[in-house]
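Structures incoming, each one as structure tokens.
One chain, chain A, links the two complexes that follow: it is found with chain B in the first and with chain C in the second.
Up next, the complex of A and B:
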């Protein structure tokens, strides 16, 4: 991190804050480093400040406090067109009165790139987003997915160091979105430019990004790669925001140094012994915390399993979703859990209400959330 | 199965209600019968506009040879063109300023611009007369500068109409288009010219058309601001009609209707062509 020559981040945000006069700042004292060539996602619920942060990088908003450095240069007060970044807007903002070709050429035209070179670069950009031969079409003569590619090509043709994408797939239908997700990732690998993506769609962030920053109320809650974000969330907010989770309030009952175990009293489940290595730091007895378990990590069995974490439960509800089923269970202690079971066999899991069964999971899958 | 024509009327089939059809017919009669009569009697071979006595074009010839009428006609067109040009530019600038920039008293400024639309024309005319005589506006300038006072009066009451039309169009402008152009390196002027102006084009045409027709047929305000040497067409027609309604007046009015219709058609055609190429 201190090696400023080769490994210095392309975007360096320090203490960036932006107030709009709401209950909390739109962007609240954010520190963020984005590495060169990375596919970075800003993920959060609407109103979490992710778009404001993106617009601050683009230059459409200025931070009230803090600094933003792009490629080592402090960009405070620099207009959007003077920053080595380009943006793909949520509405694509394809100019409706210009042909596809003119749209892509616009950025080159206004920055006085010679006509001959302009033509060549636009043709290259068209080929890059697989729109060859559509240059003379007007925006209302192409599909939504194609308009999005025009917006991409128009930004990429300027050869930015960083491409900013503001909810680029939200206007597309579900099937097209999936295709575009893969296409965006392969495009990013091909051009090697840093992509910063803003999205409220966790699936989009998990499947596309190298690293994700989860934001809430103007703050960054966790920055990590998708697997870490999903498998090891550090806070209740992140665990609940990403995917489904069974969450239980818990209290540290005892710390057994000899056995290297911590005993939790979990609401609705009862006593649970976990290895010390599962918890960060050294929990004090009586400290309150939360335990979480993802629905797909829970195993079901008719007989009491040999696993150290196992509870008896009663089936309350059952929902069939085709590729998987969602089961709702109540433990003897009154804790409610949902369990996802993959329907890998033709006959789905048994669905008798009130049926007794056992649930179990591994130590490693138990999430201990401190916030 | 019943035939299509005998099918019971559904609630939304207004067009099949006899009562509504009658209403529509009456409206058209009251709207267009006077105009059709006016045009028809311009070809009437009679000195008085009462009985039809055969077809003639002599009143067109007479109108053409009436120097006072032609002069008024030229004056009206000159004023209308100048007024259209200036009112469209000012109206558009006002609309953009009110839409784009948050400045203090914006709502008050907004209301002030709309004032000339609601103020009775007669008050506006008297105010203009008082204003121009108070500041000692010269009345003995050579043509076309002697039309200055009327033109200024026309601009001041027609530009708010342009502003209203342009404001409405601006409401549908996607600001991300402007930001995208900014992001791609366009200067403020380039952004205005390449992005905003094409979007506003239909409104500019509609606004200009409105200003043109408002100026061309304005009587009240013009009557107060015109002098003996600056008679416009409506004022001239009024003075001619005071003696008698001759077919000559009909002929001149018919020409005015034709000119207005032709210009309106051209403007609408331009507007539609623009809309076909880029809807929304």
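Up next, the complex of A and C:
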């Protein structure tokens, strides 16, 4: 994380493309830099190419075009066993016929680390993933969470430059997953090794990664830190993939240079004036675009509020979720919105269907999506 | 009540079949093995152990040992040959897999006798192997003549055909040919359902292809290897047709001896005893395997 710019990236991907003969390339001309010591997440729906990209870094797939450099070295044609990276597999792939100790020692044994040193390093790795004393167990005598730690220890004991994690938590139950998320993050800070995580779980990526690359159909749609990804998505795809969002088609109606405002005609809402600074570039009148607003950024009130963005709406439906409630509203223009309200008081907010109310939000929370 | 009726409806016919055509003859042969021959066709079950004692004669023991040696060698050669075949099939694309599997199973569609006669046609003195060798010999000789070395008879005066039939090598060759699919199929099944990420994990941890094969693929395929060994070794041990047709006087296996007792020697009690000794050995091998299996399933952890 610290002074990332001063060093050259540990992983440098340029124009990487991989065809499998589908409708579009599994990985399509991707440029990506991953910095030393970073916790990087590749996030996307299934089939977006994230796993293929990870397997290309590991050496299990070769790009049809483009180059991959690891630590400054072009790894084209370099077999997986010659790359300074190690992988934690989705199925963990802990060898069932070897004890936990032998599993972790395997990588050291094949690279001919002397026995005395091997023992010490395995013990250290066991302690690192808090499996002390379980070395003599067989994989079928430990829990799924513990097997996952064995897979981690087995990869980390090799002291790789980069640790690749392919959906490492998807096989764990929800509670354990949350614990392991926090453990993985603190482990990464402790060992200081670059982690590249592949996941389809947005929560996982947002809560764990320093930076996220959102992928779709073999392409990278946006690379940014979690806050930027959530609060300032640059495309419809990213906005809809991460979290919930209310999306509206819009057309630029007028650019008011004097007031430094842009007037949008928003489908279902009506006219909306936004400060020019909210939009990137210089929108032309009649340009079509999309506006988005996150459900939790919308305020509800009984009286018309003084905010510049406010609409009257009717409550259509209501779903109680314990810590929060989801409200479905219809504006006078026919636009449908969902609003999340946090149930900070014991009594949930009014839920009478057909009730009229006002919704409002801030300029800053309005997302303008050009793609 | 109703359930038990339908149970008997399904259970009875196959049980009767088994009892009538398998257990009864087996019991008869078992009885004969404790019998004495009186006259040409009279056999009296007297409870004697003479037949079993006679089987311990060095003459027959040698044939037992020879049968074990043939079957063991066949199993080993099959294992070494079948592993690459099974690997290739397991790792080929979904399009090729059924075709390759079909090629492995295809010989089963032809009668064993016909396949063995076909082998004779390949291996005999005027067979395809020797034809090919002779053709090569003539071409090589013509080449030597062209070089002006024709007068030295470097390749011998005449082509001498290889003696490929009616010896021990022919028997093992035939046994390997017949039993290879029995080894390929269980190995393929074990390799095909193996999680590929084990192999990738091994490569990822720095092991080469060969190391990965011996340290990861072989142990994971062990159940398939053991099944393959058993279903190759047991029928190979009791082979009759292959040594009978391809073997010489010196390459008789135990099944040939048994056949002779029942037919030309007309000594059913002794043939029965030999049969049962073969069965006991087979059962013993299976029992050892089951015990080893039980031992493996317990904790088998060893420190590095």
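The definition used in the following text is that the second predicted complex is superposed on the first by the 365 of 371 C-alpha atoms of A that agree within 3 Å, B and C clash if a C-alpha of one lies under 4 Å from a C-alpha of the other, contacts with A are read in each partner's own complex, and residues count from 1 in each chain.
Just so we're on the same page, a contact is a pair of C-beta atoms (placed from the backbone, for glycine too) under 8 Å apart; a residue touches a chain by one contact, two chains touch by 3 or more.
Since the model is a prediction, treat every value here as computed from it, not as a measurement.
K.L.:
Given the superposition on chain A, are chain B and chain C in a clash or a fit?
P.N.:
After superposition on chain A, chain B vs chain C: clash.
K.L.:
Counting residues of chain A in contact, which comes out ahead: chain B or chain C?
P.N.:
For chain A, the partner with the higher number of touched residues is C.
K.L.:
I'd like to know which partner A:99 touches here: chain B for first, chain C for second, both or neither.
P.N.:
second
K.L.:
Kindly classify A:141 by the partners it touches after superposition: chain B alone (first), chain C alone (second), both, or neither?
P.N.:
A:141 contacts chain C only, not chain B.
K.L.:
Answer with first, second, both or neither: which of chain B and chain C does A:174 touch in the superposed model?
P.N.:
A:174: touches no partner chain.
K.L.:
Which partner does A:80 contact after superposing on A: first (chain B), second (chain C), both, neither?
P.N.:
both
K.L.:
According to the stated criteria, A:90 is in contact with first (chain B), second (chain C), both, or neither; which is it?
P.N.:
both
K.L.:
Which holds for A:107: it touches chain B only (first), chain C only (second), both, or neither?
P.N.:
After superposition on chain A, A:107 lies in contact with both partners, chain B and chain C.
K.L.:
Answer with first, second, both or neither: which of chain B and chain C does A:158 touch in the superposed model?
P.N.:
In the superposition, A:158 touches chain B and chain C alike.
K.L.:
Go through the superposed model and pick first if A:23 touches only chain B, second if only chain C, both, or neither.
P.N.:
neither
K.L.:
Starting from the residues of chain A touching chain B, keep only those that also touch chain C in the other complex, and list them.
P.N.:
After superposing on chain A, chain A residues 58-60, 79-81, 86-87, 89-91, 93, 95-97, 106-107, 110-111, 138, 154-155, 158 contact both chain B and chain C.
K.L.:
Tell me, which parts of chain B touch chain A in their complex?
P.N.:
The touching residues are 174, 176-177, 179-187, 190, 194-195, 198-199, 277-280.
K.L.:
In the complex of these two chains, what residues of chain C are touching chain A?
P.N.:
Of all residues in chain C, those touching chain A are 195, 197-198, 200-208, 211, 215-216, 219-220, 222, 299-304.
K.L.:
Show me the residue ranges of chain A that touch chain B in the complex, using the header's touch definition.
P.N.:
That would be residues 58-60, 79-81, 86-87, 89-91, 93, 95-97, 106-107, 110-111, 138-140, 151, 154-155, 158 of chain A.
K.L.:
What does chain A use to touch chain C in their complex?
P.N.:
58-60, 79-81, 85-87, 89-91, 93, 95-97, 99, 101-102, 105-107, 109-111, 115, 118-119, 122, 135-138, 141, 154-155, 158
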